[in-house]
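As written, the chains take the letters A, B, C, D and E, and residue 1 is the first residue of each chain.
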């Protein structure tokens, strides 16, 4: 795209330049980094000395700028660099930030904002009130369109293999929206209750709060959500998809992968049937996980989430030939049969009565078979979670003594630490660096184990130190029952020759699409990955459903961008957003203590409502937007688009006007005044917001307690004319905006006293002196003397210390109930990074330097680049307008000159 | 009736001129702290006490006498005193502190030396050749006296071939680092406070001090010499929770000490005001200037526990 | 009632500007059933982009033929909503602005019920008027690509070159014998330390090199007719052959500058030898190379007295305004003086130091050099006398030092005099320029439209609009260039059709209307054999002065016809339900 | 008063957490900010942020002023 | 009526470091001064700048009661070297009055 002039920034200076150039017939591009044009002026209450409402005189300019036939406006965009091309024109790269709201569809109805669950300080109200992550900048925004603030994917959500929006449901729990939280998780997986108990929760490992006092209990929050929902909804609320397709999909296996895939496919309208070899559905959820950890009624209820969609589950059916299901009318098949096979120890005596594989042991117990270990000594061989689970089940079956035997040391043990500790608490013994060599029996019945001690040798290829038997260290361990828990494996023998398999027996698939060697057969979960975690199986099920759907719709499978998550947000940036953190200790985990034989009660106690809310309240909203998707549901226009990404646009312009404005002095840099520490010390911008028609409070109230102030002080020259903060300059506007505020306060709060502490009142422009005299006549009290420091009293009132210069220089103090720091203006130094090649020079105060101020105001060090408004020094609005007019005249002249030379 | 200012300044200036110290004490008293430390005499790097810590007990004793003078007929005596002082050192009569007090203050210097040794610094000491820096006469505007004295001090350093000076108190740091260069041509000493040296050397703590202290910054460190972070770093590394009083760091409130020699009562009032602020924050208070220490101590009235920073550091780092 | 209109009514909360004092929803209820109303709504900000778009949608979807917006003064948003109507395909003149803010909510902040009632009546009136509106088209005039610039000081000169840069021709008219104005006489100026002479010489050179700039010196604008886009101007040339030339110009830029305040005899000792105005002192300073000398004697002690002729509260016709440039100029002079004569003593007697913005550094430099600043109160001004020793002595109460009365000896007393409006009665008369209370020319809006005047096509810049330094004058000159070019580069202008028209059938040419017209817009014409009055469309401003005086009711004002006015009155007086 | 003022971002973030609690407190009738603060046991300046955020999004509205303090009431059918 | 003596400041000012005239008369220094004496430090230097030597000498005690703690300087917006200026003044008095 080609423009005559690029205008950077759409404050009053930028708009004025653009409008005048547009009127002259030049093509103008305005780039604005905020979601609305208007700059800072639109946020003011009224303007001096006319007391025009700032909104009222800004909005016509804003509307005129955006509707002008010769002006294009790019909002929420930043100029990345400006470089002069060989033809002398400027090559400009603009980065359009994603708004995540389709601007063409958005009607500005604010529904997204109303339903959003993340509150952040509203920068357009000078941080005095909250806005939402989804928001419209301010009521008079032009264009009046919503944007969603997203810094990236929150680390928790990014860590979830299944893509469950952890931050989303945490935010919903925080807001007390438990049902919405449930439904959000349900968008990804049906096995919510199960994950809430048995997930290894990688999200918690990434939680930014973990860098402070400890992560949020995200898994337990999920359990809380599921429990709360299931308590109220014994049966699912959701119904089969409205539109049913005529295609059928078979899912082989009803574990977490199969259930998740079935749910997603059914939701898309496919007719889905699950085949399950066991007598009850649920796969490992039901068979492998002990019910003290995951009660089976929870699994049942999770499964209902799938069957409610019309998915049929047939149990007791072993599918030998998945491809053969085509003949039964299935258009696609998903194989998710898991790892029901167990590896052998390959030790003599493994067939003895009293030796059982862990999976077999757990399955029998979980399916209700009566196994009594009353009074027996049980040895579990293995160091994984399954081994520990088996041991703890054995305890519950009444074993007298339970020993876990592991070849390596505790440090190498793959079982989760908390599992080991739990087992230890229940009396399980651990024998490390020891391995069975032989199971000894009498009459085919186990009586003991011949063991050998091990030591750790050099590391193997995987970096793990390999256990080596210690010669001559054999010993004998009497045992009544041995459970071998040395690993799980897929049972895919019968598939050989039908589907391509890997060496270890897993099914070979395209890792992106999960398609097998037979195009209509997809496979996922443990049968593909080998033994893994539930949430990984869920991830595979979800992925499979996505690609099966594409396959069935005849769409290209590869390169479709299945995972649209943004990159994870940088945790250091997150913690850097706040200056301080209150310590919010994690809720300590609580478990049922004292295990009794035959008692399979769930041991982990749930979070109470208070604990859940408190815990969710610890969330730092890392990504800002939590992706709770409430706005997506609420938007009547369907405008929310979370897949939107930043875009880079290249344009050309003959001339450039920088009107990047100023920044306000940060009152924190003047600690003597206690800003940020004393609640009733506010800045001039905050007072302007309090006085504006779109004010954050119902009237002028002091932030300490909402009292209507009745004795207000203004401290002029805060951050101006002050070498202690390295700004010797006068900011030109503070005297007058304070005088304006005096007049407005005296109008709004007729009983309030107003005192202005000043060094010199700089009412230097047309009508200003008269305006100042008027405020004085209205009763504003002007005291010459810079306030030296402020003290806060218990009631929030403030004591100001100063020298009362005009009255003989008395050292004085005065009490006020609200103090306004009339903060000054500082240069916005970001502008100097815009240019590549030519150097935009700064003056000694870091404003854009005007190289010929005497006759060419606004001319910069770069030929063809002009500066308008406060970017070259503090200015009031009329001076900015004049300056912008001057910049426009010269930019136009420059464009003419370029045209002539061609 | 106030103290006759000019005569007091005169006595102090005369002392410096004739006896090399505003308040002359014996060489034995000044150097006794170093006994047993086996510090080499002179070196490229020296620990320079500037006599401040040694003088504290004497100042304390003297100002006790002087506070009485401030409003009494004795004031007239000072006038006469200046004449007498030229012959007999009257200030020595006025002030003789108890032995225990001298030992306490000597201990602080030992602490500092131990800390520097622990940090691996090789340094010597000038023993009885060490001179007072002249801070007090500088403050009182007796510039000519000071200039002559400064030349003497610098001469001593040159005699020993000293290049680096490690100071132990803010006033001496300021004089040697910022004032002398403006008085002497070719002045080339590299002057650092021991706190700066310890931080530079990354000294590692041996013990953790789980304690909460309020920090009283010295005006001279904070506002003249920009020594603000070092003391905090050292304390925090030692596990100490450092609390900031109202007025801290760059805006620290004066202990009143500088008024001590002329207006003891004013000095006392300032100290009391400061103690009030400090005790609001914590019971234990750490100082890093002998003048602050002595002046606040008098006003502390047992309501706060004052300690020189070296006492804390020696516990943690040695 | 004529053919029934389909009207949309939008009532604005204006944030809280209106709704804090008027029951906006109540107004809506009271007017939504008025004749013709099809759509009636309220909005937080009717001027917001979102509401504008809603209006466009309503107009299109509901086939509206009339639009009423009840919000603020038409001064603010008349053009906003006309543009809305135009975008929606509705004739912009079918829209009526009702002012329920300035005329209602802001005027009756203590009486919510009363304000609400008044708002209802005003809106009803607006609806009634809209029922009688007719589509009108703006009057289009081709523009002349030439600008008349009056005054060839720094602002006029820079305006001329700026216009020429944009391809516009310029007639530059200067009253005095040479171009350059006050700046031409200045030595070093702040903040750039260039001399006025250099700057002006460069600009005059530029002007002379441009073919499309014609500079007339010793010349005056004596007559103006026509209107924006095509003024007809008469310029009287001085010199030997006094002649008048006529020219056309699309716009006029006025840059006639200021006069220096001249103290009364005796004001702060003015008249005593050694008491100088700042301008006089600057001349002395500019003449001095090394060492400040006056009348052969070295100047060692200088006292400056600020705000002479500015910020006056008392007296006859006081200059209440601040002259803006003088604090900066005085400290700059102080710096120059110190540089010329190091070691001199300078005392500045000020009220408030107004070295705004970056000029603060000048103030700082002057203090660093040792200048002493003494604050005086306007109620106890300093007194200047000749002392017995021949030196001047200035007595003043120093507010900065316990309010003590002090006496300062001085070799020179500099009265820091401000700016006063230049005397330009003839020009004001020719151009009908509005003059503010301070005597300077008035802009149309001090905040957003600082170079435009109420006379379309006539712009003001430089110090004639208000005190400015030279760089600021240049900026405003260029802003006026931009303003002119944005009109003239388009090639045509559109004028308001809300003007008077004479029904020639009824007119009997009594000439009463011509007497009532302040713009000389009534001309004579022939109609069916008789002489009648005719309105020059390009000149008529639609003020309505002629219509009521016509004894035959032959004159109507478009957009404000008798029928419209009467219907409004009826609607406003109707019972509130 | 002497307690550390928390980071504004942290206080504001808690609005979502505090909303139900504040509405519960207002069930008995309109209250001023200090009254709500007392009922919740939270500092009044923090309550100020929450109540004003809720006001902005239509959950509460001000009623009459008394001795310089406005009372806030819960808005039925909140959130529009 | 006090007669201004522009020359006095030249006598006190021994070097460029004396910069009392840089003061912008905001009063912060006096308001933060721990001594809380109205004359200190701003108005004391007004006397010096105006050359009111008598007033300066009347206040010798006040001049010597300055703590040189630089609280004023840390707060001074105009970078006035107040402590240094006080020392200059003391030096002047030492010579002129105390004949040291």
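By definition in this document, contacts are C-beta pairs under 8 Å (C-beta built on N, C-alpha and C of every residue); 3 or more make two chains touch, one makes a residue touch a chain.
Because the structure is a prediction, the values reported are computed rather than measured.
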| item | value |
| --- | --- |
| Subunit D reached from subunit C - shortest hop count over touching chains | 2 |
| Most remote chain, CA-based centroid, reference being subunit B | C |
| Chain of greatest Cα-centre distance to subunit E | A |
| Euclidean distance of C-alpha centroids - subunit A vs subunit C, Å | 52 |
| Centre-of-Cα separation between subunit C and subunit B, whole angstrom | 68 |
| Length of the line joining the C-alpha centres of subunit A and subunit B, rounded to whole Å | 55 |
| Inter-chain centre distance, subunit B versus subunit E - centres from mean C-alpha coordinates, in Å | 26 |
| Residues of subunit A engaged with two or more neighbouring chains | 672, 721, 784, 805, 809 |
| Residues of subunit D whose C-beta touches two or more other chains | none |
| Of all residues in subunit C, the ones touching two or more other chains | 364, 375, 400-402 |
| In the complex with subunit E, residue positions of subunit B that touch it | 2, 5-7, 9-10, 13, 138-143, 145, 219, 223-224, 250-251, 253-254, 256-259, 262-263, 266, 270, 273 |
| Interfacial residue positions of subunit C with respect to subunit E in the complex | 300-301, 343, 345, 347, 363-364, 367-375, 395, 398, 400-402, 404-409 |
| Subunit D to subunit A touching residues, read off their complex | 1, 4-10, 12-17, 19-20, 32-34, 37, 44-45, 48-49, 51-53, 55-58, 62, 65, 68-70, 79-80 |
| Partner subunit B, residues of subunit E touching it in the complex | 34-35, 60-61, 64-65, 67-71, 73-75, 86-94, 97-98, 100 |
| Subunit D contact footprint on subunit A (complex, rising order) | 113-115, 117-121, 127-130, 132, 171, 174-176, 577-582, 613-614, 616-617, 619-621, 676-677, 679, 696-699, 701, 703-708, 710, 792-794, 796 |
